[in-house]
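Here chain A shows up in two complexes: once beside chain B, once beside chain C.
And then the complex of A and B:
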C-alpha cells in the first residue's frame, strides 16, 4: 500500500496514466452501456453510439446552418466549418462570453479601489455584500422586462451573477497585501495612486486572473441560462432546441465541445498568467 | 554642540480601545529626543511597545496623547522623511532586485503610470546605474540585479531592502527587527554593513531589536523600554544610555558589561539616564 502514502512519489508515466484513467473508464463504460442498449433496442436515442455521435458532430460542424444552406454547401473544409451550425453557435456564445469577461475588469478596479480607499470601501461594501446574495437567475424575468430579450439582458445576467464575486474577491486580495508593503511605498515617495496601481494591483493581478479563471464556469452557467430561455442562436440555444427532438447524438458532442472550449480558455489564461508573472507561484 | 533634533517625542501615550473593557495601554508617557546622526537602538522584551514607538515615528500610528515631531513636523502618514526596513515583506515580490531599488526614484519622478519608464529611457538608465552602485555597496552584484526577491536568501533580501531605502537618501532610517530572521553569521555581516553605512552616510538610524547584544554593538545610544509591574500602565523608558561607538572586534568584556547593564535596566522602575 506504499502508493497511498503522503510521501508517495508517482513516476511520470504513472502520473500520466492515472490522470487519464477516469477519462478512459468513462468512455469505455459509456460505449459498453450504449452498445448494450442498442442491441436491445435498435431505435435507442438516449445513448447514441460513437458512430452516431461522430455523424451528429460532423453534421453540426460541416453542414451549413439552415439559413445559408445554398451558398455554403461546397468549398474547403475551413469554409464549410465557418458556415456551419456549430461555428455560428460558437461565435454567438463566444461574443457574449467575451463581452461579459471584459466587463469583469471594471469590477476588478472597483474591488481594488474599495480596498485601498476607505471612503470608497465604506460607500460600496455593504451594498455589494447584499448584492452578492441576490440569486442572479431570480432576476432574469426583471432583466427581460427591463432590457428586452436581446443581447443586453443576457450579458447583464452574467454581469450581475459574477461581478459581485469578482469585486469582493479583489477587495479581499487587495486587503491581504501586507501593510509593510504599503508603508514601504510611502517611505519611498509613492503617492496613493502609485501604491494602488504599482504596488497592490501588480501584486494581486495574478491572483485576480486566477479568480476570473475559477469564475469562467459561472459565466458560462449564466450565459447558458440566458440563451436557453431567450435566444435564437448560441450553443445553449442549440442544446435546448435539440432536446425537444431528443437529438442526443448532437447534444453530447456539443456539451463536450463547450467543455473543451472552456478548458482551452482556462489553459490559455493560466499560461498567460505564468508568462506575465514569472515571480508568482514561487513567491 | 548639540546636533539638530531629528525626532522629538513628548509625553507620548498609546492606548488601544478594547470593547467593554478599559483601554489597553502600550506606551506610558514616553519622552525622547533623537539628534540627527545618532544610531539609536531600542530594546525591550516582546510586547513592550518597541515597534509601536517605531510606527509612531514612521507616521503609521498616532499617539493617543502627547506630541511627536519628525524633523520639526507632525506627520499624518509615512513619507520620504523616514526610510523603512521591516523584518518581513521588505521587498516587492513582483519586481526584480533592480526594479525594487529603482522603484522610489521612478515613482517620485514619473508618478503612478508604469509606462513612463519606457518614455524616459535615459533617466531610467541613470536610475539603474545608481541602483547598481547601491547594490554593490551593500555587497550584491550585477547578476543578482535581475533576480526576483524569492530567488535570494534572507540576508540578501535585507541587503536589497537597505539599498532600496538608502537610495532615497532619507534623513532617518527606521529598522524594525530587520535582522531578526537571519542566521547568526549572516546577521553579523548585516550588522557590520549597517554600521559601516551609518558611519559613511551620517543618516539617523532608529533600530528596534529584542537582542540586547545587537543593540549594544550597533547603537551609539540605547533606549530600553520596560513595562511597569503588571503591564497595565504600558511601557516607559527604563534606560537611556549613551554607549561608545563599538567595533565588532571590541573587547568581549566591554560588550558583556553593557549587555548586562541594559538587560538589568528593564526591571528597574525609574529611568536611568547616562547621556
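And then the complex of A and C:
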C-alpha cells in the first residue's frame, strides 16, 4: 500500500485521473439527479439538463439584450456577442471589478508606509485593525448616505470590505523583512525612500500580489452583494432577476462564467507575477 | 495572523440555500418522526397576512387540529424567496404565497399547485411613493426603485395602465433593489424620486418629509391575493393523508381568524401574539391589518374565490407574467400554464392545468364540517 504514503510517486496518468475525479463525480451526480427529476416533472426548473443550459447560455450570449431587439439580430457572431445580455452584464460587473482591484494598490502603499514609518503606523494601525473587523454589509444604510446607491457605493463596499485585509497583510509582510537588510542599506548610504521602495517593497511585491490574488474572491463576493442590493445591470443583477422565476438554466452557466473569468484574472496575475519576479519561487 | 472577517458575507450568494436547509430539516424530520403518523410542513414568511401561521403553531391551535386528524404538521419560517424555492423543490408541502408567485414559481415550473385558502388581499399594503409631488405621468424617464418582477412591478404597471400611461412604461428605468434595503436606500438618496414597496416598509418611508403615496393596492382591490397553496400531488395522496392535512390547516386557520376578529381584549392578546412573529408591536400590526382585506370567515373567502372577478384578475396576472418572461423562456404561450377555477372553468390549455383554486376546504369550514 505504498501509494498512500508520503513518498508515493503517482505516474502522469494516475495523477491526471485523480485530479479530474471529483469533477467527473460532481457532474455525474448532478446529471443523475437532474434526469430523475426531469422524468418525474417535464417542466422541472431547479436542475436544468445540459441541453437547457446550453440553450440558456447561448441565448444569453448571442441574443440581443432586452430593449433593442431588431438591431443586432443579424451580423457576425462577435457582433452579436457584443450586443448580448451576457456581454453587457460582464462589461458592467467587469468595470466595477477592475476599478476596485485598482483601488487595492494604494492600500498596498499605505500598508508599506505604515510598516516603514513608525509615526504613520501609529496613526493608522489601531484604526485599521478595528475597521477590519467591521462587517461592512451590515452598515449599508450609512454607506447609502455617504455614497448614494449608484456605482460609487458598490465600489466602496468592495473597498471597505477588502482593503483592510490588504493593508494589514502588506504591513505584516513589510515588517517581516529582516532588520539587518535595512541597517545594511543605511550603512551603504540609502535614504528612507530607497530603503522603502528599493529594498522592502521590491522584496514583498510578489507576496503582495499573491495576497491580492487570494482576495479576488472576496472582491467578487462584495461585488455580487452590491449588485444584488440595488442595480440596473451586472452579472449578479441578472442572477437576482433570474431567481424570481427559477431561471436556473441561465443561472448555472452564469455562475460557471464568473468562475472562468475569476480563474483567468487569477491566472493572468500569476503569470505577470512570475514575469516580474522570476526569482520568486514560493507561489 | 491575517484577518478574514471581511469575507464572512457568504450568505449573499445566489444559490438555493433555503432549499438545502429545508432539505436537511426535512431529512432530520423524517428520521425522527414515527413512521405511522404522516408529517407535513408548512412554509411561511413574514407578512401581515401570513404572520398568523406563526401564532397558529405557537398557541397550540394547529396541534389540536392536527391531532384531530391524526397527522403531524410543522410550521417553518423562511425568507420569502427561499420559501418559494423550497416549495418548488418539493421540500415543503404547503407554502404561503401570492397569486402571482403561485403562478410564476411552482405552476410555471411544472409543480401542480392547489390554492386551498384564500387568506386576504392587499388593500393598500403595496404602494407607489414619490418625492416632490410627482404625478404618475411624470414618472416615465425617471428611475423607479423596486424589487423587479414581483407584485411591486405588477402594481406599478397596473397603476400606469389604469391611468392611460401604459405606452410610456418603456421609458421607465427600473432600479432593482433588494427589499431588505429598499427603505433606507430610498430615504437616503434624494435623487431617486420613486419607490414601490410594501408594508411595513411603506409606513416607514411615509414618515419622511416630502414624500407622498400616489397609488396603492386598494385601487386594484382583490388583485394581489395571499394564498396558502399545497402541492396537488400531496392533496391527492392515495392514503388520504393529504386531504386530512388540508382540512386540519384550514380548520386551524379559521379558528384563529375568528379569535382575531372577535372584538375585545381577547383579540388584542391574539394580535399581539401574531405581531411577535415579525417582532412587531401591536399598534404597528393593527396598522398593517387596516390596509389588508382579511377574509375572516370561510364564507367571505369562498365568495371571493368563486366570484367571476378572480378569473379576470388571474388573466391580468398571467399576462403580466408572460410578458415579463416570468413563465420561463421556453413557455411559448401564456396558455401553457393553465389555471383552473372553482366550478371547473379554465384559463389556458385544459391539458396543462398547473394552478388550481379549490374551494373544497373553505366550503367545509363554512359549513362547519371540519
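Following the convention adopted for this analysis, the second predicted complex is superposed on the first by the 281 of 283 C-alpha atoms of A that agree within 3 Å, B and C clash if a C-alpha of one lies under 4 Å from a C-alpha of the other, contacts with A are read in each partner's own complex, and residues count from 1 in each chain.
The working rule: a residue touches a chain if its C-beta (ideal position, glycine included) is under 8 Å from a C-beta of that chain, and two chains touch if they have at least 3 such contacts.
Note that this is a predicted model, so its numbers are computed, not measured.
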{"item": "Superposed partners chain B and chain C on chain A - clash or fit", "value": "fit"}
{"item": "Chain B versus chain C as contact partner of A:64, first or second or both or neither", "value": "neither"}
{"item": "Partner chain in contact with A:221 - chain B first, chain C second, else both or neither", "value": "second"}
{"item": "Winner by number of chain A residues touched, once chain B and chain C are compared", "value": "C"}
{"item": "First, second, both or neither for A:180, with chain B first and chain C second", "value": "first"}
{"item": "Contacts of A:83 with chain B and chain C, given as first, second, both or neither", "value": "neither"}
{"item": "Touching partner for A:48 - first (chain B), second (chain C), both, neither", "value": "neither"}
{"item": "Apex chain A: angle to the C-alpha centres of chain B and chain C, given in degrees as a multiple of 10", "value": "150"}
{"item": "Touched partner set for A:137, first chain B, second chain C, both or neither", "value": "second"}
{"item": "Touching partner for A:196 - first (chain B), second (chain C), both, neither", "value": "first"}
{"item": "First (chain B), second (chain C), both or neither touched by A:188", "value": "first"}
{"item": "First, second, both or neither for A:277, with chain B first and chain C second", "value": "first"}
{"item": "Smallest distance from any CA atom of chain C to any CA atom of chain B, in Å, after fitting", "value": "24"}
{"item": "Set of chain A residues, in rising order, touched by both chain B and chain C", "value": "none"}
{"item": "List of chain A residues in touch with chain C within their complex", "value": "41-46, 52, 56, 59, 67, 129, 132-133, 135-137, 140-141, 144-145, 148-149, 161-162, 164-165, 168-169, 172, 217-218, 221-222, 224-225, 228-232, 236-237, 239-241, 243-247, 249-251, 255"}
{"item": "Chain B partner contacts - residues on chain A that touch it in the complex", "value": "178-181, 183-191, 193-194, 196-199, 202-203, 277-280, 282-283"}
{"item": "Sites on chain B touched by chain A in the complex", "value": "58, 60, 77-80, 82-84, 86, 88-90, 92-95, 103-104, 107-108, 111-112, 114, 148-151, 164-165, 168, 170"}
{"item": "Contact footprint of chain A on chain C as seen in their complex", "value": "2-10, 12-14, 16, 19, 81, 85, 88-89, 104-105, 108-111, 145, 148-150, 170, 173-178, 180-182, 184-185, 188-189, 191-192, 325-330, 354"}
